[in-house]
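Here the chain labels run A, B, C and D in written order, and each chain numbers its own residues starting at 1.
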Amino acid sequence: MDGFGFSTEVRVRFAETDAQGIAHNANYFVWFEVARVEHLERYAGGYQRLRDVGIEALVLETHVRYLQPARFDDRLRVHARCLDVRGARFRYEYAVERSSETIADGWTAHATVDATTFRPTRVPAWLVDALGASGREDVPGLPSENRADQGRRERG
Amino acid sequence: MDGFGFSTEVRVRFAETDAQGIAHNANYFVWFEVARVEHLERYAGGYQRLRDVGIEALVLETHVRYLQPARFDDRLRVHARCLDVRGARFRYEYAVERSSETIADGWTAHATVDATTFRPTRVPAWLVDALGASGREDVPGLPSENRADQGRRERG
Amino acid sequence: MDGFGFSTEVRVRFAETDAQGIAHNANYFVWFEVARVEHLERYAGGYQRLRDVGIEALVLETHVRYLQPARFDDRLRVHARCLDVRGARFRYEYAVERSSETIADGWTAHATVDATTFRPTRVPAWLVDALGASGREDVPGLPSENRADQGRRERG
Amino acid sequence: MDGFGFSTEVRVRFAETDAQGIAHNANYFVWFEVARVEHLERYAGGYQRLRDVGIEALVLETHVRYLQPARFDDRLRVHARCLDVRGARFRYEYAVERSSETIADGWTAHATVDATTFRPTRVPAWLVDALGASGREDVPGLPSENRADQGRRERG
């Protein structure tokens, strides 16, 4: 998928369906999280590495567009990329694909906080570097800053 | 809460918390749904009445802003109102309040579809009327259309 | 319901249904937990009181029998009682009722542990007393120990 | 693992943890279901094949023993086997393993029913054959019937 350099597969569990016979809308945020956790593992040593230094990443805002229903046992590819790492904030974008068709997309905004006080704490430099590198790897020809701008325009 | 004429209470279940010690972000959509179902029951005879005539209401889009974490056993008041009923579409807005503080807000966009074919079907007239009435009841002095505009500006 | 002195109501959420059109089996443990948390609140100052003294109650074993399916929007009465408090162990029994019909029952076995080390820690005396009192209140004429025996026979 | 010829991997999702910092007990039934669905796919053409002929498999009873907590990001191997297929009933057994240690086990009992009326319907012959074959494959030297008896003794 254009602009995404990372993806993972989830398979719709029976427990994730609802009485409409489709995957319940709340699960998409769980799948986004699965992709985010694996993205962090690939590029930044894992979410646990953040937790080990006393930092949690809170979710500040979430958004999803449901384009086509997902059904039991569907194999979905969840694409994820990290954009806009600055200060104590970062943002992820997602696209959910089934057999080459995008059936949903969305984004989540995050803040890094002290795990005890829940006060904002700058994203550690190693994580900024790692996530920045993940971005450059995604779309080699495009400077990271421009892509971030594009992300903001898209959600405007 | 200003502009909302309906609310219901949910209490954060232990199963809804995560290892950050707070309510997991995906649950807010379940709570929004609980409020929407009760709102439909109050004003429109219940969601089952829609299903009984072969109509399902799909979720097209969801959005939430997390302002303060919710914790185990918190009693939350979930405010809901319906706006923008037109054609096969309608939209709900929500605010989650704990002890008079708004800790989250959001909205969901919906389409009514045939329960078998999943093709768009106009929102039944009785539901338009019922939801329209629910709106006018919310904010007596304000015409329904203006409020809808305001809703759109807010999320712009 | 015979032998139960406490109950609470849950209403089947749409998110709790699955593509069979009924409540998914995993939710019953969440409902049992809701009843257990409210039972502890009523008789023992709440689960948070345990957590405040550095104790967690782990689930060691769970069991449920599904007698009739539960459906979207069903109002269910979840009965709960605590039995067999001894050492670091206690046990809860449950019955789920819809319009006077028992549609499920089950039990959960628990251990109190140190919240940090997860090592077994005796159930605090105040909790033993409180839970014992809850039992005696349930069935005034029946000594607590006999009821526990009866519980064990029932699950034999 | 002795006596199991099938297993699948699940990884503990952050959404599946709770405020005790461990995987919530209700998720084990979801993981059992994931393993059951994949087992049916491997040996019997998938659960959807059952649904396609108008049959649903209801859960009648579930049981789990939690031996060690599971934590965020743990990779768990869920072993599953089908026993006792007769009439409209069948039973599955499970063991959850982490790095060669069994951290939980359990079983579920099922009935096949007509998807519309929910009345009991004999397990189709092809499914009996397929599940029977899955059993014989598990433990080549042991007749299927004896293993079933052993299963019943274990849960006695």
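Assume contacts are C-beta pairs under 8 Å (C-beta built on N, C-alpha and C of every residue); 3 or more make two chains touch, one makes a residue touch a chain.
Computed from a predicted model, the values in this text were never measured in an experiment.
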Note: among A-B, B-D or A-D, over half of the C-D contact pairs reappear in A-B
Counting C-beta pairs in contact, which comes out ahead: A-B or B-C? A-B
When centres are defined as mean Cα positions, the distance from chain A to chain C in whole Å is 37
Distance between the CA centroids of chain B and chain C (whole Å) is 32
How far is the middle of chain A from the middle of chain B, if each middle is the mean of its Cα atoms, in Å? 25
Among the residues of chain A, which ones contact at least 2 other chains? 14-15, 26, 29-30, 33, 72
Of chain C, residues touching chain A in the complex: 14-15, 17-19, 21-22, 24, 26, 71-72
So, in the complex, the side of chain D touching chain A is made of residues 13-15, 29-30, 33-34, 37, 46-48, 72-73
Residue numbers on chain C that touch chain D, as the complex places them: 20, 25-27, 29-30, 33, 56, 58-66, 69, 115, 118
